[in-house]
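Please go over the structures that come below.
Paired with chain B in one complex and with chain C in the other, chain A is shared by the two complexes that follow.
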Partner chain A sequence: MSNSLKGFYKILITLVVALGIGAIFILAIGENPIAAYGALLKGALGTKLGLGNTIAGFTPLLLTSIAFAVAAKGGAFNVGVEGEVILGGITAAYIGVNWGFLPVPLLYLACFLGAMAVAAAWAFIPAVLKAYYNVSEVCVTILMNTVALYIGSYLVSGPMSAGTATPQSDPVLVTLPKIMKPSNANAGVFIAIVVVVLVILIVYKTKWGYKIRTVGTNPAFADYVGISSKKVFISTMLLSGMLGGIAGCIEVLGVYGYYLDNFAKDLGTNGMLAALIVKSNMTTTPFIALFLAVLKAGSMAMQQATDVPKSIVDTVSAIFIIIATMNFVVSLRTRRKAEKAAAEKRPQDPSSAGTEGKGGSK
Partner chain B sequence: MEVFESLGKIFNVSLIYATFRASTPIIYAALCAAITQQANILNIGTEGIMLVGAFTAVAVSYFTGSWILGVAAAMGGGAVIAMIMAVGHIKYDSEICAIGMGINLFAIAITKFLMQVLFNTNGTFSDPAIVPIPTVHLPFLEHIPVLNELLNDWCFTEWFVIIFIIILQFLFYKTVWGLRLRAVGQFPMAAQTAGINVNAVKYQAMLISGLIGGLAGAHLSLGYSTQFVENMTNNRGFMGVAAMYFGGANPVLTAVGCLLFGFSDSVGARLQAYGFPAQFVLMTPYLVTVIVLAVSMAIKLGAVKKKQSSLVTG
Partner chain C sequence: MSEYVVEMKNIVKSFGEVRAVKEGQFNLKKGEIHSLIGENGAGKSTMMKLLYGMYPINEGEIYIKGEHMTKLDPKIAISHGIGMVHQEFMLVNELTVLENVILGFEPKKGMTIDFDKARKDVQHYIDQYNMEIQLDKKVSQISVGEAQRVEIIKTLMRGAEIIILDEPTAVLTPQETKKLFEILANLKAEGKSLVFISHKLNEVMEISDRISVMRQGTYMGTVNRDETSPLDLTKKMIGREVFLNIEKDYSKAGEKILEVQDVWVPSQKETSKIRGMSLCVRAGEIVGIAGIDGNGQSELIEAITGLRKVEKGAVILNGKNVTNKSPRKVREAGLAHIPEDRNTRGLNRTMSIEENLVAVELDKKPYTKGIFMNTAAQDKYSEEMVRQFDIRPTDYKLPTSSLSGGNAQKVVVAREVSMNKKLLVASQPTRGVDIGAIESIRNTLEKAKKQGAGVLLVSAELEEIISLSDRIIVIHEGEITGEMAASEANENNLGLLMMGGAKNTKQKGEEAS
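Coming up: the complex of A and B.
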């Protein structure tokens, strides 16, 4: 309990520091940071349209952040979620446009399953390369994102093109209902929440989840007790890929109703950001995803209201993760120092020795 | 016959220079990653260091009218970014991939922000006031047909990269500092026992890496082109990291890996003229990078296994 509370404080402090640095940037260009942040919040939450846009932005972010987090739980640094979103989206669009012979409920299912399968297959490549040939998955997934982007772009400007000026596919036959018109918020948000809850349950309450966490913590130990670390690693990446695929499918069926070229821009990156801020803690990641969605949705309103460029939001989020990756150990060190001092004062105290051991194991 | 004619147009003498030209920014990036890899730090932030360098170079060159100041400032900027990473990773124990990606995102965001604030534009900033890195014109080559096409009018930093590869090769494998650097990378505890200040060496490696990364960026924005474009590094930093893996952080082998990517890039650009879809052309270097990375790692792994098994049986 005290640990999670500390984690919460840590995020809060990091957030304040990041926003503070952002405020300095805003001051430096001669604007008022309080007015800017106020305009941002008002834009994201103050109006019905803004709130809808926040929800619409939150939906894919929730899935991509959990996709990154679940891969991290299994020991993979999966930067390739964006590519998985793209390929999931294009698959959903292909099935949604061309498989009209299926009855409607089955067509929904086919879209989602198809998107999941293709995205998982895409994630399978870096997973195998990492597991069997020790090729850095960071490098491979980053490069494969670009390849996925061009595959999608080729398909919608060539074979699947709707013949319009902007590269996009024909409209799909089934769409997810919009819940807060005129914004892009759609029923996909409920699917996303259900999926994320399921994934969290899988990771923390099932045997497979236990294996994932074991392999992520210590693959050698996993192999020693008879868990094939390679196979579990690959299965984790497949799960991560499926989540990316679902995100792509929801974007296509829910937000656009067709595949729009480059629709997934930054979806994977921002999901990764959300997960990195809380070190891929799966229960807090969704809240960070929501927070980032608020920032993104409000940034446009801020730019219009106050002349502060919306790229300040990306700058602040990036500073947020840079500090978040470090800060933890700072607090741990000071704590450990304090504990050491306490232990030296009262060497026979068993409770302080216990906590020190716990701190040292991390 | 037509096929041969087309092939002749694609694979001609100018392809050699085109390959080298496309490779140079990646070579700098790969060397930036190689020096930290020798100290066992995977420099995922190469991309970000490079991007900041590219922006600083253009901005300083624009305001001062001096390309030397631009390049120097870019190297300084790269060093600052690298030191943020170094402090985070070495002192505060952050995971290198996490902070590296943070740095990359920060670089994209801050350059975008500064471009809007300083130059009031989005997307691309190009201006006649930006002074590029000069090209080296060799008058005595003018009358030699093939060599003139091959070697004349190279950008100054393109010549420098060749010298630089040799300098780094020498530094890594022939100097005391290089020995220490590699010792720190391979067995930090032994290095420490031998009296080497492990963290100091790591900081030095990161600092030099930042300087090189900044230079990589400056070459990209002042030598390779004369402008700054949003996210203009376009994954070249990651290609550099991949090439570094390919060459096992050995500067010469790493540069060879970069040439491979540069080659696929240049051939791709020429194929576009023959009706290949642009997207396939654009994805070629990325695809080649992944394949080369996979194959080189597989071969390396095979070699290690072979060594192990011969030890066991012998």
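Coming up: the complex of A and C.
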């Protein structure tokens, strides 16, 4: 308890420092930082449209950040969430457009299940390559993101094209209701929240979650006690992929109503950043996702209300990430020191200790 | 100036709660080989690390060449002519031998390193002491024995007159050990003073001029080699006549629990590290495997426990063929396993004591409720284990990384033993744990045996093997070199077999004792 409180406290300080440094930049271009941040906050939370935009941005980010975090719990660095979002989206669009023979409730279900299945299958590839052939999942997922992007582009430019100037699919037959018109916020946010709560429950309360955490922290131990590290690793990646797929499905059914080419741009990366800032801590990751969504949604309003360019927001989030990582470095160093002081057991390296020693005894 | 180049008087050193050295005495004459012996954890390495300045002493006095050292760190120790060859080599794998030797005090020629001069200097030592070292190979490509010689050269290059060797033979093959002893004899002839730390009595008897014994952090006395015997030293080391009065009830040994039939096992680097081993463990007996570290013990255990694939041969556990089955299948067939490496394999350091305790039984009732874990049952079990095995601290929600070595090992032992499996494989169960934990772990193994389990024990400690086992199997370079009842075993005949020398002349080995 006190530990997670400490974590929150740390994040808060980091946040304040990041905003402070951002403020210096704003001052440097001759604007009032307080006014700028005020406009940003008001733009993101103060109006119905703004709040809606924040929620709309938050929804996919919440899922992609948890997708990354859960993979990290199982020891995977899944950069491929974006590809999984894309393929989940295109699958939802295909089913949503073509499976009109299903009754509506079933069609919803089919869209989500289809998106999850295809996205999971996509994540299965790097998972197997890593587990059985020791191919870095980082490289494979980065490369596969591009492949997924082009698969989506091809489908909505060719076989699934609506015939419009922009590459997009036909409108889907079922959509998630918008909750704060005219923004893009939709009922998907509730689905996302429920899913994330479920995932956190899975990770901390179920046997599967126990296995995921075991494999993620010590695969040798897992194998030794009879938990197959390979199988659990793969299952973790499948779970992560499914979450990406759900995000894609919500975007298609909730935000656009059709598959729009390139809709998932940066969703995976930003989710990854949100998770990385808190070292994939499952309970704090959603809050970071929310924070990033607020920054993003408020930036446009800030640019309109003041003369501060909205790219300052990118600066702030970049600083945020840098400081958060530095914080990580600092805590690592203090831990090292503590270990050293406590144990005093690690033998010192005589070659370094003896740097000044007299060489050669003639 | 006294006759001693090193004197250590009334040394006390504690690490936190643990008093590693309670009353340490040591002195070294010029040009002698002085062995420091004792069981693991007796404080012999610590004493020498104190001399090398790696830790400050709490109490006592250290004199080097008559000079009272009030402040000591490795740098000062080196400048006073002390060199230390550690158990774990301090070499950079990706550099060549020559680069390693001169690292930190390279001879310069303008801006660049004068490799020619360096080579000449190093070659001088190589010739003088007749060492075989290939200067241009990378350290990663040379053998352990050669790496050790590089370490010795390193100390010489730094002007060492006093060289401390911390269990130098633990990692060596017999041939390499022989070569090392020749080098040590050469060094001694050149007037260097050597400290030889070991717990292998036959080696100590072979090489030393004088021998000092430590037991549980306390100095037990110094004797001249010519005036003592292994038996005498053993008594000093252990404090009692261990091998004679252990009462073992061996008659109860029942049906075969584990059968290993002609298995061939690869190691990480080579194929067929183990070449055709066969052995069996019966219910109600402890079978000890003796051998120098790295002669295939780890591979054998991993092959039995399903953690390493075997090339050919069969492993039968409880009548089931478990050859190349997953660790889970082997465990289901009746295996409990205390692994040699407690930190990577035996425990998940980042998780709590409780999570480590339930790891094996996680999928079984009552620890599970549907897909969820049954936290209440897990708590109850953990509480019971913490009490029964005296794990400290008792708060089982704490991560195992906060535990001392002994308590961490107790967690492993508790988890494995509490299941009452048919076969208990214990690999180095007491390595690096304190005396109290050693006692309790040994008792636990004994108890498991009494309850009818078959126990396969691997230990680097001959004393442990001899006092616990009913039957002893000696292995050398992946093959079984002998087998005997523990009652017939002693340091000498086991040592001979461990060297592999008496592969087919078991009888002779026993007579030689």
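One rule holds in what follows: the second predicted complex is superposed on the first by the 328 of 362 C-alpha atoms of A that agree within 3 Å, B and C clash if a C-alpha of one lies under 4 Å from a C-alpha of the other, contacts with A are read in each partner's own complex, and residues count from 1 in each chain.
Just so it is clear, a contact is a pair of C-beta atoms (placed from the backbone, for glycine too) under 8 Å apart; a residue touches a chain by one contact, two chains touch by 3 or more.
Just so it is clear, the model here is predicted, and its values are computed rather than measured.
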| item | value |
| --- | --- |
| First (chain B), second (chain C), both or neither touched by A:T206 | second |
| Which superposed partner A:D223 touches (first chain B, second chain C, both, neither) | second |
| Contacts of A:L106 with chain B and chain C, given as first, second, both or neither | neither |
| First, second, both or neither for A:T214, with chain B first and chain C second | second |
| Residue ranges of chain A in contact with chain C within the complex | 205-208, 210-211, 213-214, 217-218, 220-228, 342-345, 347-361 |
| Chain B residues touching chain A - in the complex, by the definition given at the top | 42, 44, 84, 87-88, 92-95, 97-99, 101-103, 105-106, 108-110, 112-113, 116-117, 235, 238-239, 241-242, 245, 277, 279-280, 282-283, 286-287, 289-290, 293-294, 297-298, 301 |
| Complex interface listing, chain C residues touching chain A | 15-16, 49, 52, 54-55, 73-75, 78-79, 84, 86, 88, 90, 102-105, 107, 121, 154, 156-160, 305, 307, 326-328, 331-332, 337, 339, 344-351, 355, 359-360, 362-363, 368, 371-373 |
| Complex interface listing, chain A residues touching chain B | 25, 29, 77, 79, 129, 133-136, 138-140, 142-144, 146-147, 150-151, 153-154, 157-158, 269, 272-273, 276, 279, 309, 311-312, 314-315, 317-319, 321-322, 325-327, 329-330 |
